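Input: structures, listed below.
In the two complexes that follow, subunit A is the common piece, with subunit B as its partner first and subunit C second.
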Partner chain A sequence: MSTDSAAPSQQQPALPARLPFVAMLLWLIALTASAAPLLSGLSLPELLSAFWSYDGANYSTVLAHYSWAPRVAIAVLIGCGLGLAGAITQQILGNPLASPTTLGVAAGSQFGITLATLFAPGLLAFSPDIAAVGGGLLAIGLVIALTWRLGFSPVTVILAGLVVSFFLGAINMAFLLLKGEWLGNLYIWGAGSLVQNNWQPFLDLLPRVLTIAVLMLALMRPLQLLQLGQASASSLGGRVALVRALALFLVVLMSATVVSRVGMVAFVGLAAPVMARLLGARTLGQRLLWSTVMGGGFLLLADTLAHWATAWGGSSLVPTGTATALIGGPIILMALQSIRNTHHMPGQDTNPGSFLPKRRSLNTVAIALGGLLLVTTFISMAWSPGLEGWNWTPPWQWADAWVWRGPRLLAAILAGMALGMAGTLIQRMTGNPMGSPELLGISGGAALMMVIVVISGLEIGRFGQLAVATLGAAIALGLLILLARRHQFAGNQLLLGGLALSVFMDAGLRLVMASGGTVASRLLNWMYGSTWLVSETEALGLMALVLGFGVLLVLTLRPLMLLPLGSASASSLGLAVPRARLLLLLLASVLTAAATVVIGPMSFVGLIAPHLARVLGQQTVGRQLVVAALAGGFLLALADYLSRVVMYPNQLPAGLLAALVGGIYFLWGLSRHGRA
Partner chain B sequence: MSTERRGVVQWLAVLLTAIVMAGPAQAKSWQHETGTLTLNQTPKRIVALNWAATEALLLLGITPVGVADRDGYGYWVQEPAMPEEGVANVGTRVAPSLEAVAQLEPDLIVTSTEMAPAADLLERIAPTYVVSVYKEGSTPFEKARGMLLTLGEMMGREDRARQVLADLEQTLKRQREQLENAGLTERPVALVSFLDQRHVRIYTRNGLFQKALDGLGLKNAWDTDGSYWGFSVIGLEAMADVTNARLVALEPFVPGLSDSLANSPFWTYLPPVQRDQVYQIPPAWPFGGVHAVKRLATSLTQALLEGGSNNVH
Partner chain C sequence: MPAFFEVDELAVRIGENTILHSLDLTFEEGEVTALLGHNGSGKSTLLKTLARQIPASQGKVKLQGDAVDSLGARAFARVVGYLPQHPPATDGLTVRELVALGRYPWRGPLGRYTSEDQQLIDQALTDTDLVPFQHRSVDTLSGGERQRAWIAMLLAQQTQCLLLDEPISALDVKHQVETLRLVHRLAQQRELTVVVVLHDVDLAARFCDRLVALKSGAVVADGSPANIMDSKVLESIYSVPMGVMERAPGQWVSYVH
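Moving on, here comes the complex of A and B:
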């Protein structure tokens, strides 16, 4: 890693001419497209003067001055701010796919805004920044506290950021589902909309964004040292952790401040630096500058497209977040090409030494987890709230209780096992501790199909739901195979493809979110798992499937041990690498699809369970598989029980509880590990 | 004497018929959206899984034993009022607790195709009447009207159902006359709920509230259809298109809304605002049934008669 990126920065290569050219083109297209609809009513000079004045007698100019011009200005300001923040984040973490969102900032800000909306609405009216920045700081505070002792090793920071995101995101969703009627503003906030009707938000933001940007630039020299790699940077100044913490703090301030006004405009902080890098920005200075420029142009263009789509759809709001996601997807796919050469993948420069808890006996761990699973099953069947309060169902009456408690519990356990195994498979296959079925896009494919069904307004029964989700997962899998064949099914390309797929799903989700109401809450409910809809037949079908594929997994142990050695070594040991990868991919996909139908695409058990297995000291493939399956099963069993009882008679989706429960344990494991 | 005896015979005959009618031999069937519902006797314990159905039952004078999101009903729907006692909460409207529904031992469940994925499970608990007031391609008021009449039939309260509908039409007619006499029916009306300081939900022609506007002889200022729920989410700037309208805003509002609007010349220059034609009315449930129409029409008529202002407050 250090030789790769440090060498070019010292030679100061010339900036390729296409970079300023593309940036200029982007801005030109964006500005023209943005101005075009207004030019029918106003002349060009009139339109330009809209930035500083208006004519009270002519409503078109009022509209241009108070609606169009501030919207253009705020799009550029926020785009630039997020572009800069994104480039800094990537520099801090030495990772071209990191973004402020990866650090949990967006989820944290939303958490702050949600709490403020429900419990302190006055604060929100006074200044949305306080709530958003407070939430963002809470998120990053958690991340920093968890990774402090590991000296912010980038992979741990990203991992902690992801978990904090899931965790806070799950709490946000719980509020949305239970209090949706009161949170109409949050649906829009979550979708991201740049609609403006006065200059106040822009004038509020401008000095803040400029101040933070100047502070960020002041950190440029120390940040440059980071590029030399941890060891050399430490020997030069030794304050690596401090610089990282400071820069992270600024990133949080910047992202939370801008999103507080317009909501989550996704992927700008990721796409802008990726574009700058793709087009040839090499040194840190170049990347910061061009990422900022690209960010502004990118958001302006996306917002203009959203504005156009809104007008085309009869003024029904198409949120800017949808447009940024739709454009962001292809950019990430393009990045796939270039990043192949740099070997610079999320989580790939993991330092296993710092992430290797002490080994434990398989039997002890497996028996402990199995015991926990049994206890959970028992409690779940026996101890439940009813309309007259909690009551105890003795085992001889379980036959009656089974209908409402049994199938969903069984399905949850099986889905957890399937995701645990699929997650282990994918992490082993890609050699990447951040790999997970959720990130592979298979769950995203299933979710995308459901989003499309919801948007189209079709009412489908349970069978239709299952069929559509399976079809979506299969299509995603097919695409992934096509995409990955060129790279001989190498792991990291798969993850990128999956990321792009999830981005498209995200675009649709934001569209539904913006319209709010019942449709959105139903979709969210499904996305976080609908164990309450499981019937016996489905549970038994799932059981046959998971057990069958579990046996097949035994056959994959050998390739799983060989693949992380690298394709050359694996081939020389007699493994047909591409075919083995295809087989593993298929296995992982089927398991994921089966689980997704039950638990939804957002539980992240597939990410958490394999990590739990490692934290519990299981290092070899076979052991990790067994323990991850048990851990996933236990996690979802517990989540299903809690989802049913904590807010009785209201139900929360089980996947949401899984993200909460798993998140807490994972954070605890990480912090304990840090202390050791 | 003979007349008296004949009277007794008649009375016995009626009683006998009544017994026979109530008996299993007289099971009646209704076609609904996902199948056929057969009832052997008049249901007594009913669970409603959405607020439109809850409203219809209460209108018929029937207290359901369980409803979804009972407490939300009290704020968002309000009328007809739910009895304080005897109604259990069975969970959220998108994911009710099936175990709680089963524990109530209902003999009828009223729900919509939104619950289609749970249809088989609900059918296990009790006969389920599936009726969706809000659905692609349907007219909400007509569906709500049909739901009320069918429920009236099932409960043997058809007269009451017809009476409710007649009362609604009469109210609308009376209020229309009031508005006409005051010369207030000319200018179109834009019905909105503020979602935050920058976005509103505008109620469209294909929604439930259109019935109230039609009944009052008012024109909807927004002439594009929205989602099948009968609304579109729009940026406030789109309001600039409805220069000719009166602006009616449904409560509640986010805190700080009126200040933020007052500080925005975009808003103060908006034609309805300039004409002092902004009206504020208490919440009415836009996704409800027939009574929501009456509630909206009543508060709308009152607000229009009282006159508007240049802001919400």
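Moving on, here comes the complex of A and C:
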């Protein structure tokens, strides 16, 4: 805000000149970059005429007409459509970081296509839209069912969308691991590819996108009312629920239609409206117009970059979806810095994570959980399927079985404990019951660093990996805290910032996956938590580390109780807030990194275990830490055992199993809270 | 002619808690009524039920003789305007754009704004002293200016009835008095029915025709300011020993012993 605001201007605030300028620049760069390789063989008028005709005698014009021009056209069309859909989504949820991706639509569509590929290939040949729209509606249906009673409060919707997309993503991944031979191409498709060889896809898509866009624009004025909040919008005669439902349906149609044709390029739907808003589009009309324009230019540019990268990278394909995400991620992070005044976001008063604070004695709960953990350990060591059915290994033979069953079990338990403790730390530090290493992108940071190391071919050993993963986790968490500091660590900002981070990390991982090869499948197994890779020394090292940090944590109990009171209160009580935050940050990231090395970044344990501790009646920090550690250990021990026996003689990654179970628990918890 | 609002055996339960117990009240056309009561007495809930924001668990609310839910959303919004206690952030809207949204019930999703609409918007801005601020973003205004912007939106809505939930809680004394005076004047000029939740008994007595006090979801006092501004009655409303002085006709000062 300028300092001379005391003298209010009588002028209608004009659209800042930088907005059309940047949009023009974006389009100019994108078009030039895209046309540059062809301009050596063709003149500019010839190139332009490639959009409607070609000269059979000149091969360059044929190439331009059938490959380049449709690719440009479809990129622009899809970019515009997704930009519009994203702007509409942000308006529906009153949330500057909402998008079709955030609502789980893209993951749902992908899930639909995966299912159709496996079980009803005929449907896919008939019309890919049906499967994608079905999957998208399923995802959004889940999200709506979960948040129905909370009146679609924005934060809850985003949270539910995130969990639904993680959950569907995990199922997708399970299919990929089990039936990988069928779904190989699907993975590349999943990362978004715009390669064209004729005009048919564009002509198919054009009327659909135009129809949906017109319908969306007809809803513009009712959507504008939503800005005033539920109470005022409905008292002005807007049918809030109906408008939201209609608009969401249109958004699903738009995204699913696009996803079914070209895969996941949905990051555009987040980046374009954010860019438009950052550059000064203020009213709804301006935002819709400019995010449509930006979306088109943005996707064209990203597609061109992907095209070039593929050309330079030789054989491996760089999907457009990855390029959009890699460009989009930083834009989102930038946006987060400049979004003011979100501390009063609509729906902030709902607090989806809180349960009634009932209290129970620590001893009973801890003994019960410890008992469960022991029983699981016993069964896991002793009772397992062999070649001739199930057999029983008595305790005196455990020394022989240890090599096969011991280290992985120990590592799983310890990783669970570490995640439980890290989750509690983060939830307490941020004062937000939804914080967790997974949702905040911290595990993603650790994973990304690991992936980079693996890809670069460096052999740095297990402890080197641990150090690298810790670094990644610390960078992600530090970035997050830097971002959230402006908002005094308000829960929503932290959550949304973390979301942006984790999506960004995910894009990096996708790039690696799309490159294919043995490295990719090894990474895939690791990412979903394959405990069978763990050796004995690693497990023992992990034990020393987790126990050591567990002791250190005892020293931080007091600061942890003070921090949620806010930095002003905490420092006036004599706590050196920045130092305490730094220490806790380091503790949390080391624990997360240690767990990530073993179980991968995808399990929900860091979110669920602290939750479970609260549900079990442990409200103070110390008790919550202990119980969360035990619960986390128990969950992963169980997941490890099941992953070993369910598909015997094949193995499932334990982290995947934990994510599936955890996702179901979490969805149930959300809906239960809605009823309360 | 039926009363403007008629509340009949109204009960509202939220979860296990009963917020309102079988209320019977009528609000006449052109009357300015203040709802009084301590925190949690059910004032806001009553107002929200009148504004159709929450449904009645039991009993009926009638608007001009017909059940409130017989009207469509926009038709209802042309008759009854409601200002919530905590209006949300408006995300970059200017004051004028916010006030213009008050015309939605009349123009709908696609109708054009006419010069009559612009005139009404100007009038609402003038009435609330907001003309110098009309192109400022609502989020950059002070709390009191923001509250006036929302009231201006309600005025542009041109309803026959205003339901205001603590409309002056963030205002300074000058604007408190001016806002209530404006509401009072409009009520007289346009025959508006006004129901307003207030915490300041003295201001309520000064500017309202009728005071209704709630306690634990039931009416404990109902009458003209002269009836209510009595130490016994006030004590029964607020459960603290209170005294009242009448300094001039129609101007009371209450105080706590």
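To be clear about the criterion, the second predicted complex is superposed on the first by the 498 of 676 C-alpha atoms of A that agree within 3 Å, B and C clash if a C-alpha of one lies under 4 Å from a C-alpha of the other, contacts with A are read in each partner's own complex, and residues count from 1 in each chain.
What we mean here is this: a residue touches a chain if its C-beta (ideal position, glycine included) is under 8 Å from a C-beta of that chain, and two chains touch if they have at least 3 such contacts.
Keep in mind it's a predicted model, so treat the numbers as computed, not measured.
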item	value
Which superposed partner A:282 touches (first subunit B, second subunit C, both, neither)	second
Partner chain in contact with A:384 - subunit B first, subunit C second, else both or neither	first
First, second, both or neither for A:465, with subunit B first and subunit C second	first
First, second, both or neither for A:63, with subunit B first and subunit C second	first
Touched partner set for A:218, first subunit B, second subunit C, both or neither	second
Touching partner for A:94 - first (subunit B), second (subunit C), both, neither	second
Residue contacts with subunit A in the superposition, subunit B compared against subunit C	B
Contacts of A:404 with subunit B and subunit C, given as first, second, both or neither	first
Subunit B and subunit C footprints on subunit A, overlapping residues	none
Residues on subunit A engaged by subunit C in the complex (per definition of touch)	1, 5, 8-13, 94, 218-222, 224-225, 227-229, 231-232, 234-239, 282-283, 340-342, 344-346, 676
Interface residues, subunit C side, partner subunit A - complex	15, 48, 51-53, 72-78, 80-84, 87-94, 97-98, 101-102, 104-105, 107-110, 132-133, 135-137, 139-140, 150, 153, 157
Subunit A-touching residues of subunit B, taken from the complex the two chains share	34, 72, 76, 88-100, 102-104, 113-114, 116-121, 124, 132, 135-136, 193, 195-199, 201, 224-229, 231-238, 240-241, 243, 254-257, 259-260, 263-267, 269, 271, 287
Subunit A to subunit B touching residues, read off their complex	54, 56, 59, 62-63, 65-67, 121-122, 124-126, 177-178, 181, 184-185, 187-189, 193, 195-198, 200, 310, 314-317, 384, 386-387, 403-405, 457-462, 465, 514-519, 521-522, 525, 530, 532-533, 535, 644, 648-651, 653
